[in-house]
Amino acid sequence: MVKGILKGMFVVLKHSRRKPVTVQYPEEAIPWHTKRFRGRVILNLDTCIGCSLCSQICPNESDHMVYYDYENGKNRKKIYPAVNIGTCTYCGLCQAVCPTGSIRLSNDGTLASFGKDFDYLPDRLSRTEEELKHHD
Amino acid sequence: MEEKIIEVNFGPQHPSTHGVLRLKVKLKGETVLSAEPIIGYLHRNAEKLSEFNYYASNTVFMDRLDYVGNHNMELGYVMAVEKLADIDVPERAVWLRMLFVELNRIASHLVWAGTMGLDLGMITPFFYTFRERERILQLFEMVSGARLTYNYISIGGVYNDLPNEFDAKFNEFVEDFSSRLKEIESLFKENEVFIQRMKGIGILPPEVAKSYSITGPVLRASGVNYDIRKVSPYLYYDKVDFDIPVSNGMDNYARFEVRFREMEQSLRIVKQVYGKLPTGEYQNPLYRKSGLINIKGKGESYVRTESPRGEFGVYVVGDGSKKPYRVRIRSPAFQNLSATNEMVKGSKIADMIATISTLDPVFGEVDR
Amino acid sequence: MILEEGVLKDGTKFILVEKNTLLEELKNMKNQGYDYLILMSAVDYRNYREVVYHLGSYRDNRKLVLKVRTEDDVLKSSASLWGSANWFERELYDLMGIRFEGHPELKRIFLPEGWHGHPLRKDYDMNKEQYVNMNDDGTDTVSFNPEDGW
Amino acid sequence: MEYSILQLINFILTYIGINFSVYFPPYGMLVQRVIVDLIGGLLIFIAAALTIIVVIYIFRKWMADLQQRIGPNRVGPYGTLQLIADALKMFGKEDIIPDNVDPLLFRFAPYLVFIPLILSYLLIPYGNLYHWDIIFTNVNVTLLLVIAFSAIPPIGEIIAGFASNNKFSMLGALRAAAQDLSYEIPMMISLIGVIMLTGTFNLNSISQYQWHYIPIAILEPIGFLVFFVAVLSKMAVVPFDLPESESELVSGFNVEYSGLRFGIFYLGVFGSIFFGSLFISTVYLSGGSDIPFIPGLGYIWLLVKAFIFTFLFLTIWVSLPRIRVDKYMNFGWKYLLPLSIINILWTMVIVLAMHGVL
């Protein structure tokens, strides 16, 4: 009995010499292991054809089509997706379904903000968070 | 002095009910007279939600069922839909699915091992198991781009191929995982106090297990050699070499033993699968891009898969439209949990906690 | 009594049985070696409900689907044959509104007692929000008034 | 020439001009004595509080180290001020007193746990540092007093559990009572062996005895083992943390407590860990007596031994599961109690051999 307990303690004690595996978050940023990290949705206004497939496949209706006055030559009805980031689950289905690759998920996962406006209309959706910060 | 029976609510907020299980327990001193599980605190009705969405978008809900074994949940649904809509899956996609499903099984059992330790009052194994799980999650993140709700397995294949840096990370993981697993196991296995807490506790005889439709490691720990991967092989489980660990202990210790052996077997499968990965398409080109939305099915299909907790399957009824008419989820943890009272009555409070932790319920899946 | 036989889309054999002979048929199937109740589900076809029993065996790979149709939503309980039928039937009662006669304690399993309607029915009103609260004695109350709960 | 720490305080007071004993001869000396004792008590209170904080810091760092984490590292250098920050946070929190509790007992119980613990710190002979004996109480019954003080906190725990009017608390309180009963007896019986050997109840004499002869842990290994387990159980940490057992009874007897009162319970756990370490090294490992051949460093030597025990206790905490309550009682009554009685017989043999009878 004592042997088993001592063995357990020994295994635990062995770990005192190993290096910590945790990361100090704000200083050492979490290494995104991939370029595929699914962050905020971003839209390319110039290639969007307004097919509304993304809003159809969106599982919780975060993605919806709105009228936005932007001329890119392919989108005759001038409807573009707008995404409610508050309910978006970053599932990536809109990216998967988009025939032109206009809507995609960026690598930006640091979305904490004081703002309460989660509904990203097309022009806001087309900029990265970085650009939005400079813009304001 | 008269002995009074007291009724205690364990949960829904309780440190060791693995989420939001509520147990209405009748106690006589420290002895449990009966325990009635009350569930539904995490109920979202994924079955109803699925009726309003396209076939392809429902994988998102499946992800949120068993949130520690997500790939298995996606797989169960996707395979049922593929049967329903007669969709072919490229060979590479099948192998990739198998790779991730088995890795996910390891990750899920690691979470179980850590939380079981916590339930017994051991703090440290939790950190070691989560350290290992973290490495698996990094692999998942690398491939799918998410750490928890992967949404990786798509109808007609998988959404993404392996990235270039996957190989190195994967080999690094496979190399030392088995030795680290042994180390974690030794923390439990050779510990007399642990053995006393587990041996002979929470007895589940095979007849009772069969009557309650119990599957997965819990069933195999009761001495029934029944694993869907062997009984009705899906994916390419008939092309790889692995054993089904079975134990005749019927108690908590047997369940502990079976799950640790299963992790070893899963590692074996993972190694073989990675060696056998063929090149080629990873997704059926018909169901890429806008094809995703055009999946139609008519009829009924149910495909049995072995999730980390037992038999998982989705019964899909299609009426020929782009949305399923009815989706019914067979969740293994729900069935395993229904036998709680049989297992815990007459034991002590501490044993009840240990027994529930070896059942390994995940409430996203129980409550759906 | 078997009304209809056939093969489902996934290649499983199915039989449709007469409602009154359900329990005998299930018992019969259990004796034939289908000792594993994989899944009980119910599908709402608007004018009738179809309860589907997926039966399997703990020994081999056999599988059978047993269906039964009901218009008045009352069926015989199979809780005496399988322990697992207990929770399956409670779930079907809760979400689909099918009452099983002879069930030891037929009450809602996911939703609070007193919930209006059965969500998986096709005629369930999705737009009406219900608010749940708890009485002092621990029972749930359900109301349509937002101030009565959450 | 050795002086006690109280004399040192007296010297300092006299030096800075506070000396009542010269004023009204019989009473002035008493007043002076009381002032000196009060200062000594305050000193030990501060020292004990600081030690508890140090022990908690060590615990968190050590646990983090064993679990491949970093531990507290934000507040102050290497996170040393983390505990101060935590304490401030505790002070600032609302002290919630639920509706149906017994308000008086509910408020009173935490102090009943903590004050005897701090008082028992006064009884330990801390050995000597340079020429000063750090001994606050040097009466003939310090060992008995320690045991008496250690019997009070469980009463506080039981009161806390019952007053909370919560089923989990009550189960925790019942466990505390049962645990205390079944482990205090082996603990005291194993101490009887020590008393038989040394012939005194004075902790200072006990530690001096061991310096003159040999540490009692070597003479009485069984007694030492029993005492070790009993002390571990007395501290109510894993594997014996049944009264609180987080995963079973949520938090046991202190489930309804919050804010400062919870903080007191929390400090009590770590205070008793260090006190247990001090006590076991005093009674069984020659305590604060000098390091062999190096006089004047007894205090340091005691601290070294105590901290080794603290590390041992903490390592046991992080690496073992909790034992089940009925098995635990069995272990206490069926193994520890007979072992402690065997220890008495063994001590009798030693004592007789020493007196040349055998």
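Letters A, B, C and D mark the chains as written, and numbering starts fresh at 1 in each.
What we mean here is this: a residue touches a chain if its C-beta (ideal position, glycine included) is under 8 Å from a C-beta of that chain, and two chains touch if they have at least 3 such contacts.
Because the structure is predicted, anything quoted here is derived from the model rather than measured.
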| item | value |
| --- | --- |
| Common touching chains of chain B and chain A | D |
| Between the pairs B-C and B-D, the one where more C-beta pairs touch | B-C |
| Farthest chain relative to chain A (centres taken as mean CA coordinates) | D |
| Rounded Å distance between chain B and chain C, as computed from the means of their C-alpha atoms | 24 |
| Between chain A and chain C, centroid-to-centroid distance (C-alpha), Å | 39 |
| Gap in Å, rounded to a whole number, between the CA centres of chain D and chain C | 61 |
| Gap in Å, rounded to a whole number, between the CA centres of chain D and chain B | 46 |
| Chain D residues counted as touching two or more neighbouring chains | 66-69, 318-320 |
| Residues of chain A engaged with two or more neighbouring chains | 5, 8, 11-12, 15, 21 |
| Touching two or more other chains - residues of chain C | none |
| Chain-to-chain touches, reported pairwise for every pair that qualifies | A-B, A-D, B-C, B-D |
| Footprint of chain D on chain B - complex, ascending | 6, 8, 14-16, 27, 30, 117-124, 127-128, 131, 187, 191, 193-194, 196-197, 348-351, 353 |
| Complex contacts: residues of chain D adjacent to chain B | 63, 66-69, 167-168, 171, 238-239, 241, 245-250, 317-327 |
| Sites on chain A touched by chain D in the complex | 5, 8-9, 11-13, 15-16, 18-22, 24 |
| Residues of chain C that touch chain B when the two form their complex | 8-12, 35-39, 41, 43-44, 52, 54, 56, 58, 60-61, 63, 65, 82-84, 86-87, 95, 108-112, 119-120, 124, 138 |
| Complex interface listing, chain B residues touching chain C | 9, 39-40, 43, 45, 47-48, 80, 83-84, 208, 210-214, 224, 226, 231-232, 297-304, 311, 313, 315, 317, 325-326, 328, 330, 334-335, 338-339, 342, 367-368 |
